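Below, subunit A partners subunit B and then partners subunit C, in two separate complexes.
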Partner chain A sequence: MIELLAQTCLNAVYAASYISLVAVGLVLIFGVMGVINFAHGELFMAGAYAVVTLYADLHLPFLVAVAVGLVFVGCLGLLMERALFRPLRDNPLGGLVASIGFLMILQALAVLGYGVRMEHIPPATQEVIVFSDKVRLPLARLYVIIASVVLLAALWYFLKRTRFGWALRASAQDPEAAELQGISINQTARIAMFIGAGLAGIAGALTAPLVSVNPHMGHSVIVTAFIVIIVGGVGSLEGAVVASVVYAVVHTFVTTFYDGVIADIVGLSLMLVVLILKPTGLFGSADRA
Partner chain B sequence: MLSKIIGSGLTRRTFLKSTAATALSAGLPGAALAAGETIKIGFLAPLTGPVAAWGKPGLDGCQIWAERVNAAGGIKLESGSHMVEFIGYDNEYDPAKARTGATKLIREDGVSFIMMLGGDTWPGVQPVADKTGMLFSTLLPSDLSPDTTTLIAPAEVHPIYNVTGVEWLAENKPELKTAVMCAQDDALGLPSVATYLAAFEAAGITMNEEPLLFDPATTDFAPVVTRLLSSSPDIVCLDTCYSDYVHPICEQLFQQGYEGQIISCTADFYDQIIAKTSKEFMEGFVFQFPDFDDPALNSDQINFEDPNGFFAEYNKRHPGEWGAVSWEYASIMDLWKAAAEKAGSADPEAVIAAMKEGGTGEHAFGDARWWGTELFGIDNALVGDWPVVVIENGKATIKGFKNIPDWYDKHGDLLVKHMKAYDQMWDQRG
Partner chain C sequence: MLKYLIWPLLAVGLVLLPHGLSFSQQEILVFLTINVLLVSTYRLLTLTGEWSLGHVVIMGVGAYASALYTKEFGVWVPVSMLLGGVTAALLAVLLSFPLFRMKGFYFLIGSFAAGEIIRLLWKRFRDPFGGPKGIKGIDPMPDFSIGIYDFDFFEPVSYYYFAGVVVVVCLWILWRIEKSPVGLTFHAVHWQDKLAEASGVNLRAYRTLAFAIASGFAGVGGALMAHYVGTINPNSFDVEVMVFVLTWAIVGGTGTFYGPILGCVALTVLNEIVLRELGFEQMRPLIYGAILILSILFMPKGLESVVQRLIQPRDKKSDADREALS
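What follows is the complex of A and B.
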């Protein structure tokens, strides 16, 4: 039983890691730009396909493929900001609809470029850390956990300790006041989109050898991310991280000790309970809700 | 408006039927073919989306089949020889799109026969079938019911053939006594769960715990596998999981240190699973779908024409894409062609009568009989032998053929019991 609990905890830590990368990116984009980016799951998918192309097809080192995936998807974020969200800045609903359109474009491009079949990606590594006979942590999963901790810590430092980070937070809190202080809204939007998209991209790239990569893989990711940001509080980065951990722990334990279908029901119930008791989410504020 | 209509007592099924009837009432294309006219066959299956792996490879196989038949002079009916052409329609595994596709294929394209994957999409199409009398085929006989008189399941009796793998395992590895199972909670997964439960019970293999169901949207299978392995089973059964699940589940089993027996309905692209795990890990993996270069398919009992040549051509055109359904739709066409030539007509009614004449038919894996009243309420499933396939030294190998009706004659009561427990009998499905 102790081994089962320990293995389940390791599974939960991994799940929390990649969910938080995706959810924090989604929250950052919403916080700064006020846009709900429905294409965020497809940015995750784009990161995975970057690894398919560079690592599986062109045989570049895995970590190089992941780094390029981050930059590539970050640039997709810049493209979205310039082509979709900036022209629709005063129209949040328009931005949402545009992101749905972009989602379809990315899916169609993936289908055209790679077909509908599941992509085969060789494992980044088959090494496993063996704690005991039934408690094991594959190194590929450890990479995701480490990357998540490092990137989220770096993001925290960037937002709290750097000039650009202050500008980003100021834009998120009050865009008009920030602009009056000389902060470029366009520049903060670009930074937010690059980071937000890049986080989704690296999550997709790192997990690509661990999941089934296909053009529709973003769907379940975005659903989970929405649940997480609603629980954490829309617009709250801390909330997204905490909610990712809570959701991952609850979902993983319920899946292990009951079943996956009940786990989904419990996950959604968690969101409903939070919405009823604290409609702004665990860390959300009323003005963003 | 729609809510008012539905509120007035109109059910969804009635609404679908009336919609289809309206759409088709403008007049149906004549079934009679002019001399030399190309016979069109509808291919209504998921060509994109998560279930595309059980649609698109089938259409690719059919194109090869059509080229072979056309090169040999086409299909010979009373009206002369006819070339054959497939018209594909991507239903994205969506019932509404399947209904639209069926209507389009019949009205606009004038097809003589429509092949489907079936499953969740069949309820959308059934009103069209009822109205037009068009002959449809499905890969999933769980679509059959006494009402589906123009629906046949001539290629596979999913999931009943899964009993053959368990039976073989019990005969050849009697030391395996306990099993666990996981499955996606959907129309493919649940009847298969019931079938495997019956097969394990018949074989004297004990389930360590209830089958573990997961949401079809699941991407991380580590918790599922942790749970499966917690009871230290001799056998892990992957039910009829889609290949998008079989691969990550196998990888997780490997990474979490499992070294026991695995059995699954399918193992599409098993070479990729081996690449992600190891040849040793996959050694002895039991499933149900052979590669068609297997020498066992050259025996006299096999009715599929030139399976080795078909496999070679398929892999030349679509390298690495051979899967469970690559040959199945083509094998249905073998049956249809034989029946149409026997009837001298492509008329759906004449073809189905010729196909079922005598109660037997030439299934790809040997002569079989039309069967299914007890399970499906209608004898529209063609059932006979089915191969048991084992991965040996990195290659799928047929270990033998087992007869499904023989198993059913001995253990049918168990199958019915478990099917009823999962609400999967034809009179229980909504």
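What follows is the complex of A and C.
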């Protein structure tokens, strides 16, 4: 029993690590751009397909594939910013609907390019850390955990300690006042979209060998990310990280002890309960509704 | 003159329409008829300013309910279709308690979550919902004859006439509701909520009413579909279908009653005639996505604004003619 609990905890930590990367990116985009990016799950998928192409098909090193995935998906984010969100800046519902359109395009391109079959990607490493007979952690999963801790720490440093991060937070708080201070809104929007999309991309790229990669994988990712950002409070980065951990623990334990569908229902109900009782989430402030 | 001729002409056109089409096109026509009802109910919901992402699941509630009533209790199909609509409306009233504590974006996400939970419940519980495979062998509409025409519901043409009459009646009711004081209050709830509340309008009650009416008629639409196709499963009502409904409403525009219908018909014609005939079937989501983006960027008021622009100058000219004559 103890071993099962320990193993489930390890699984939860792994799930929390990549969910938090996706959710933090989504929150960052919402904070700076004011739109909810429905295509975020498909950005995750795009990162995974970058690894399919470069690592599984072209046999480049795994890390090169992940880096290219990060930059490629970041550039998709820039494209979205320029083509969709900038013209629709005064129309949040329009931005959301446009991102749904972008989602459909990305999904269709993946189907056209790769077909609907699941891609098999050899893991970067087969090694497993064995704690005991029933408690084991594949090294590939450990890499994902380490990568997300490093990335989130780097993001925290960037946002709180650098000039660009300071400008970014300023324009998230009050775009007009920030503009009066000489901060370029377009510039901060570009940075936020590149980082936000890039985080989704790298999460997809890192986990590609560990999940089933297919053109419709984005759906469950975006549902999870929505639950996490609502529970954590829309617009709160710290909330997103904490809620990722909470959600991952709940979901992993319910999956282990009941089944996956029940776990999804529990997760969605958790979100509804938070929406009803405290719509600002665990960490959200009242004024950013 | 034209004004009095347009409705009879439209009616004759709609009656004659299926006879010029192939069998598969007749089937598409049946779905189009049901989708017109669905997208019109969606517009009623948007009148109060709320955009739901659970509307297709609510339609599915009507479909599941009607299918189960006939299967489990042997209810006569037309009655069970009505009961399906009633069930969807009642569920909407229940859902309104948690959902209408939210507004705007939160309502959008909340309705999405509620819809997904319902869909997962269908998926999880084999009894009575049939699990992932859904319900098969749903009783078809019983055949009947009205003297001049024999309804044989294995023929899409017959079902098209039947569904067409039901949908026209539903659309007429929806139209009457919108033009009634209740419908005007829906507008007020959206555009002047503070003022409406100050003059004694119960915002919550009217939002719930709009939600229940829209859901009820969507449920009837779902029941119409279930008894035609004969099989439903959780994936018949997933987010992708919802996105199509959203696309129809946005491309058509939600400012007028005919806007969403126009969007639905235009995109279905484009999809079935252009894409299928040319062999671009796989490109469907791609082209829908592109159309969605282009219309929100360049035609934010939808196709209806184009129609209005076409009608307006002609009205002015006829006014000028009249003045010249007098």
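Here are some notes:
One rule holds for everything that comes next: the second predicted complex is superposed on the first by the 289 of 289 C-alpha atoms of A that agree within 3 Å, B and C clash if a C-alpha of one lies under 4 Å from a C-alpha of the other, contacts with A are read in each partner's own complex, and residues count from 1 in each chain.
By our rule, a contact is a pair of C-beta atoms (placed from the backbone, for glycine too) under 8 Å apart; a residue touches a chain by one contact, two chains touch by 3 or more.
On a predicted model such as this, the values are computed, not experimentally measured, just so you know.
When the shared chain is aligned, subunit B comes close enough to touch A:Thr8, but subunit C does not. Touch criterion met: A:Asp133 reaches subunit B, while subunit C stays clear of it. When the two structures are aligned on the shared chain, A:Ser212 is found in touch with subunit B, with no touch to subunit C. In the overlay built on the shared chain, the residue A:Val223 is in contact with subunit B and with subunit C. In the superposition on chain A, contact of A:Leu84 is made with subunit C only, not with subunit B.
Once the two complexes are overlaid on the shared chain, A:Val111 sits against subunit B and subunit C alike. In the superposition on chain A, contact is made by A:Val261 with both subunit B and subunit C. In the superposed model, A:Ile276 lies in contact with subunit C only, and not with subunit B. Once the two complexes are overlaid on the shared chain, A:Gly94 sits against subunit C while remaining clear of subunit B.
Judged by the document's definition of touching, subunit A residues 111, 219, 223, 261, 264 lie at the interface with subunit B and also at the interface with subunit C.
Across the complex, subunit B meets subunit A through its residues 47-50, 52-53, 56, 185, 212-215, 217-220, 222-224, 226-227, 229-230, 243-245, 247-248, 251, 255-257, 269, 272, 275-276, 278, 320-321. Across the complex, subunit A is touched by residues 51, 98, 101-102, 105-106, 108-110, 112-114, 116-117, 120-121, 123-124, 239, 243, 246, 250, 282-286, 288-293, 296-297, 300 of subunit C. Contact residues of subunit A toward subunit B in the complex are 4, 7-8, 11, 14-15, 111, 116-118, 120, 122-123, 126, 128, 130, 133-134, 136, 138, 141, 209-212, 214-217, 219-221, 223, 251-253, 255-257, 259-261, 263-264.
Within the complex formed with subunit C, the subunit A residues making contact are 36, 83-84, 87-88, 91-94, 96-98, 100-105, 107-109, 111-112, 219, 223, 226-227, 230, 234, 261-262, 264-265, 268-269, 271-272, 275-276, 279, 289.
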